[in-house]
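We call the chains A, B, C and D, going by the order they appear; numbering starts again at 1 in every chain.
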Amino acid sequence: MRDPRQIAVVGVTGYTGLELARILLRHPAVQPPAFYLRETNGAKCLAELFPQFRGWGEAPLRTLSVDAIASSGAGTAFLATPHEVSAELAPSLVEAGLRVVDLSGAFRFRSAETLTTWYKLAAPPAEWLSEAVYGIPELYASEIATARLVANPGCYATSVILALRPLTQARWIAPDTSVICDCKSGASGAGKDPRRDLHFVEVDENFKAYGLFTHRHTPEILDHTGLTEEQVVFSTHLSPLARGILSTIYVTLEQPQTAADVEVLYRRFYAGRPMVRIWAAGTLPELQHVAHTNFCDIGFALDKSGRRLVVVSCLDNLGKGAAGQAVQNFNHMLGIEEQTSLQ
Amino acid sequence: MRDPRQIAVVGVTGYTGLELARILLRHPAVQPPAFYLRETNGAKCLAELFPQFRGWGEAPLRTLSVDAIASSGAGTAFLATPHEVSAELAPSLVEAGLRVVDLSGAFRFRSAETLTTWYKLAAPPAEWLSEAVYGIPELYASEIATARLVANPGCYATSVILALRPLTQARWIAPDTSVICDCKSGASGAGKDPRRDLHFVEVDENFKAYGLFTHRHTPEILDHTGLTEEQVVFSTHLSPLARGILSTIYVTLEQPQTAADVEVLYRRFYAGRPMVRIWAAGTLPELQHVAHTNFCDIGFALDKSGRRLVVVSCLDNLGKGAAGQAVQNFNHMLGIEEQTSLQ
Amino acid sequence: MRDPRQIAVVGVTGYTGLELARILLRHPAVQPPAFYLRETNGAKCLAELFPQFRGWGEAPLRTLSVDAIASSGAGTAFLATPHEVSAELAPSLVEAGLRVVDLSGAFRFRSAETLTTWYKLAAPPAEWLSEAVYGIPELYASEIATARLVANPGCYATSVILALRPLTQARWIAPDTSVICDCKSGASGAGKDPRRDLHFVEVDENFKAYGLFTHRHTPEILDHTGLTEEQVVFSTHLSPLARGILSTIYVTLEQPQTAADVEVLYRRFYAGRPMVRIWAAGTLPELQHVAHTNFCDIGFALDKSGRRLVVVSCLDNLGKGAAGQAVQNFNHMLGIEEQTSLQ
Amino acid sequence: MRDPRQIAVVGVTGYTGLELARILLRHPAVQPPAFYLRETNGAKCLAELFPQFRGWGEAPLRTLSVDAIASSGAGTAFLATPHEVSAELAPSLVEAGLRVVDLSGAFRFRSAETLTTWYKLAAPPAEWLSEAVYGIPELYASEIATARLVANPGCYATSVILALRPLTQARWIAPDTSVICDCKSGASGAGKDPRRDLHFVEVDENFKAYGLFTHRHTPEILDHTGLTEEQVVFSTHLSPLARGILSTIYVTLEQPQTAADVEVLYRRFYAGRPMVRIWAAGTLPELQHVAHTNFCDIGFALDKSGRRLVVVSCLDNLGKGAAGQAVQNFNHMLGIEEQTSLQ
């Protein structure tokens, strides 16, 4: 019987992997994790690769293989690996008896077609797509608790879905109106590989839109809000900062509402969900309130007609948008308080 | 007879005033301007206040009064002053025979009510409101050429109006749909006065929305696009950079269009207007392309239905959004090429 | 008998106070602290002032008075208050039976003259100056353990003293040579009050030197390295980032040394001191390695003559440079592991 | 007979090349330059590569060859090419009758050994090394005026040499004391190629030292100040900003001086040299004062002994540190005012 508190982390070279290491090394309920890389280049310890960890994160570094992980006795694996690698690795690890939290896009969709259309990837076998549970604990806590494979959501998608779900579930949005999701992200969301457009001089004092009508997080938003591709316009922007996503979301309500109504709707929906914080009517969250945390902060403004609603949703793309949410999912799988190691 | 090439600049302590000084000191068609301040604190020369100008901008600094300006022989005055100061100063200077470009909001509206509602200010006399010409040369060149008083537009408003006007003039926007204007600005747009929320540490690595449904540039947008307050949602955001505005504008078209159609519409509208640059379908402008320039760059993306259009409009809030456009207006008043000193 | 684990934090409006709150609210060995302000303006809870703390830092906020703190049963007080306030408050609280960690400059010097010369302040009574222990635990752990009043050091001073002390104690520095300390800091070190020179636009894309030959941290450096004012040149610079100090220190050694010798000297000096991390010869620390931590990282380069040594010392000015070190001192006072709540 | 006002610019893909294009396209005394690249990838016009130039910098783009340049009739070539490319290209172009300003390090040294030691490069033939003139116009104006080949200096070297030369020429520096040059640069100085350590997230909110005792600009500093390698410690740092170098330079004077003496020394040395601005005693320049200019601003602080002097020198690494100075040199070659197109 495997111990889920014994953890393997695969792929620790990117920003998400680093953040995952930072959170798990401080997690009070788990043993110090082992870290796996495709090529360790002779390094034996995490702190050799990342000097930040010297003196407190001297965790072992190992060469990746399914056998190495399976024979290590680990009960849980976190995969911070590219889609293709996760697509292969996750099923093997689950079959070996581990529970898996995968941070790639490989298992986020029930439909194989979504993956081939939006990601241009061969989809994993259908049984694995239906096995996987989409990992937003505020929406799917009970499924996550018993899941063998959790598909950790995209960062933009988390920000948008958490903002829209109370409205769509209450059927407040006027049909035949557009839902505009204008999202702004810091540069760590684009990954760590050197790219000309991520050079400091190209991002600093700059701002740009990208991925209009084509961003891969679109189908997650559709699947988990129930909105159609015709309704949603989802745009993404690169902002000159390292961490964080702020989404400004524009909705037309079917019936006029008061600001108090809107606040109550959100507060009720997220009652007992400490990682989503609702802001009082008339106040708005800012990125700095959630940087380096696992919170998603949501505020709004309503116009005087009571029908035009602007929702502002903030999170740290490496926290609630990736590594933080992965650990929050893991806490649910373990049956412990969801905010453990996340405050 | 006053010489319009002899220039008085009033209020040179803010970021807009500085940029105005920078452009006018290099302007080939004018004499070195004189700069007026309410309190010079003994300084006699611009470079004493702003070391940037040492060695090339040693222009005289004078204590502000209508008489001082009128008796100096100046033929044109630029006012980079607060709304209240401009409201008093501009009529007096025009009556003294000068032509005035005012960068405040005091003369931007025909309706006094707009000013009292949105700015909480006593409006100047009605005859001065109707005397003033709204200074977007791409739209009102001939009126500007002969104006005695030009009201230089707001920075956000310029960015949004230039993006929307070709669509509204062609009547392409579907009635009863929302036009969403999601605008992001750098911190120089908020002025130079020390404020807690403009402290470096508060803006750096932060991002926030503000002014939802209440921003003062709203009525300019309505006046010059013909859209109604019910149609337009205009939001503004503070971004961690010094200069620039990027507006992402979401429109639903009444009839499906092709990307080529949209590009042609914009290119025709701005043919012969060198300061607005249209981007080819499938490409989008970025802030760095317009920083420190007087250009407004406009690009777009159209979804496959041909009805949902996203327009991206970029400009430098101190350039085309303020001082640059003021000089462009002045060039029209002078009858010289509009881009003089602006490239 | 007062419980030292019951804590009062005075002055929580600045960046240091906030960081202190963040660390103490997570500290496993203490009860949730109470926070005191001169004016609470009706707020009853920390999270009302700082939305970052919503949901996890809902600590009580109280109006400051010695009586209120004394009667609360608190056993330890942290003072993140201006020099003048600390000078009055600290003795009263110690006399009431509390132990105090003061983050101001008021008790950092034995000599009253130093305070009047460098800070232009009336010094506290001499007995309090000699009562206070200078709070660098790597140098004065045993005195701190029993102190009633700890004077928490300046941020620049900590960075420089930790880098120089191994060299001065070993008497390696050539007499009659200059020791150059070229220090670069982020903007949070300058405090949170709005100031024209701390406006985002003034700091962003800028860099400047200040305080040459006059910086208040100079006498701390002299006192705790034994160097004279004639030997040390200490310069400070404002860098466009929020948190962190990097000091580049230039020393001429009396005898030629090898890089291995230098590394051994530092490693031995800081053996058993986990919060100072020595970098291997040929490698250098960067600010990002210590941001949001309580580490001071020290590396060096030696020229081929073996006599010209450059030491690079990095820390987070709000961490090891202020709030982190304050808690490290407190941990020593409590007799628990010094890194508690600091990793 | 070639016309020196007809210009070829080789290598326009980096930040220096871009800045050169920006300055030369506005230069009133030259014809629109032609731009040469090793591979144009089908682009025919500069603005196709760099959208910044659309509408005003639609200059022709050509495939690089000595023949193409020679047969174009160009009289002057600017080389913003790698050292190896310049080493081959410059002599060929001079032999074809052009005058050349080379921005690489290939011709900066009289001694071939310097190049092989510091740059690990095969040196050009000795006659070309002695043919080349080192291009700091404030020091070598008459040689530059008649030069066929100008070696444009390094950015750090320019900043340090301009600060030290008045002192070394006056023999004010005490022998046997160290001259410490602590230099901080923005990220554009490291070039435009994508590199892991230049990713936005690695530079933002970071600060680091590099190149201690090994930086390639060291021999330029020695050659043009007359100081020895034993005397000079030259360190470089990467700062989170795009453009600019600030050098803080520490000198021990042989004789005590007053601040007035120091100011006079600098003012006299740079009298009639408008691109170097001396700051009054007690004031210091900042990077923002010189960003996007060709100025080098120099200020200083003197301690009360009158012997310890700190000199602060600022410039834009793409302006006076590279492209700006290249054009300043060109203006001298042309015999026109040196600041033409540079204000």
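The rule is short, and it goes like this: contacts are C-beta pairs under 8 Å (C-beta built on N, C-alpha and C of every residue); 3 or more make two chains touch, one makes a residue touch a chain.
Fair warning: this is a prediction, and the values are worked out from it, not measured in the lab.
S.K.: With centres defined by CA atoms only, which chain is the most remote from chain A?
M.R.: Checked the centroid distances; the maximum from chain A is D.
S.K.: With contacts counted as defined, which of the two, B-C or B-D, has more C-beta pairs across the interface?
M.R.: B-C
S.K.: Could you put a whole-Å number on the gap between the CA centroids of chain C and chain D?
M.R.: Chain centroid spacing, chain C to chain D, equals 40 Å.
S.K.: Distance between chain B and chain C based on Cα centroids, please, to the nearest Å.
M.R.: Between these chains, centre-to-centre, one finds 46 Å.
S.K.: How big is the gap, in whole Å, between where the Cα atoms of chain B centre and where those of chain D centre?
M.R.: About 36 Å separates the centre of chain B from that of chain D.
S.K.: Which residues belonging to chain D are in contact with no fewer than two other chains?
M.R.: 186, 202, 204-205, 240-242, 285, 288, in rising order.
S.K.: Can you list the residues on chain B that touch chain C in the complex?
M.R.: Going through chain B, the ones touching chain C are 15, 186-188, 192-196, 198-205, 240-242.
S.K.: Quick check on the complex: what are the chain C residues that touch chain D?
M.R.: Where chain C meets chain D, its residues are 177-178, 180, 182, 184, 186, 202, 204-210, 212-213, 230, 233, 235, 237, 239-244, 246, 248, 250, 252, 284-288, 291, 301, 303-305, 308, 310, 312.
S.K.: Provide the residue numbers of chain C that touch chain A in the complex, in ascending order.
M.R.: 26, 51-52, 54-56, 204-205, 274, 277, 279, 285, 288-289, 292-293, 295, 297, 339, 343
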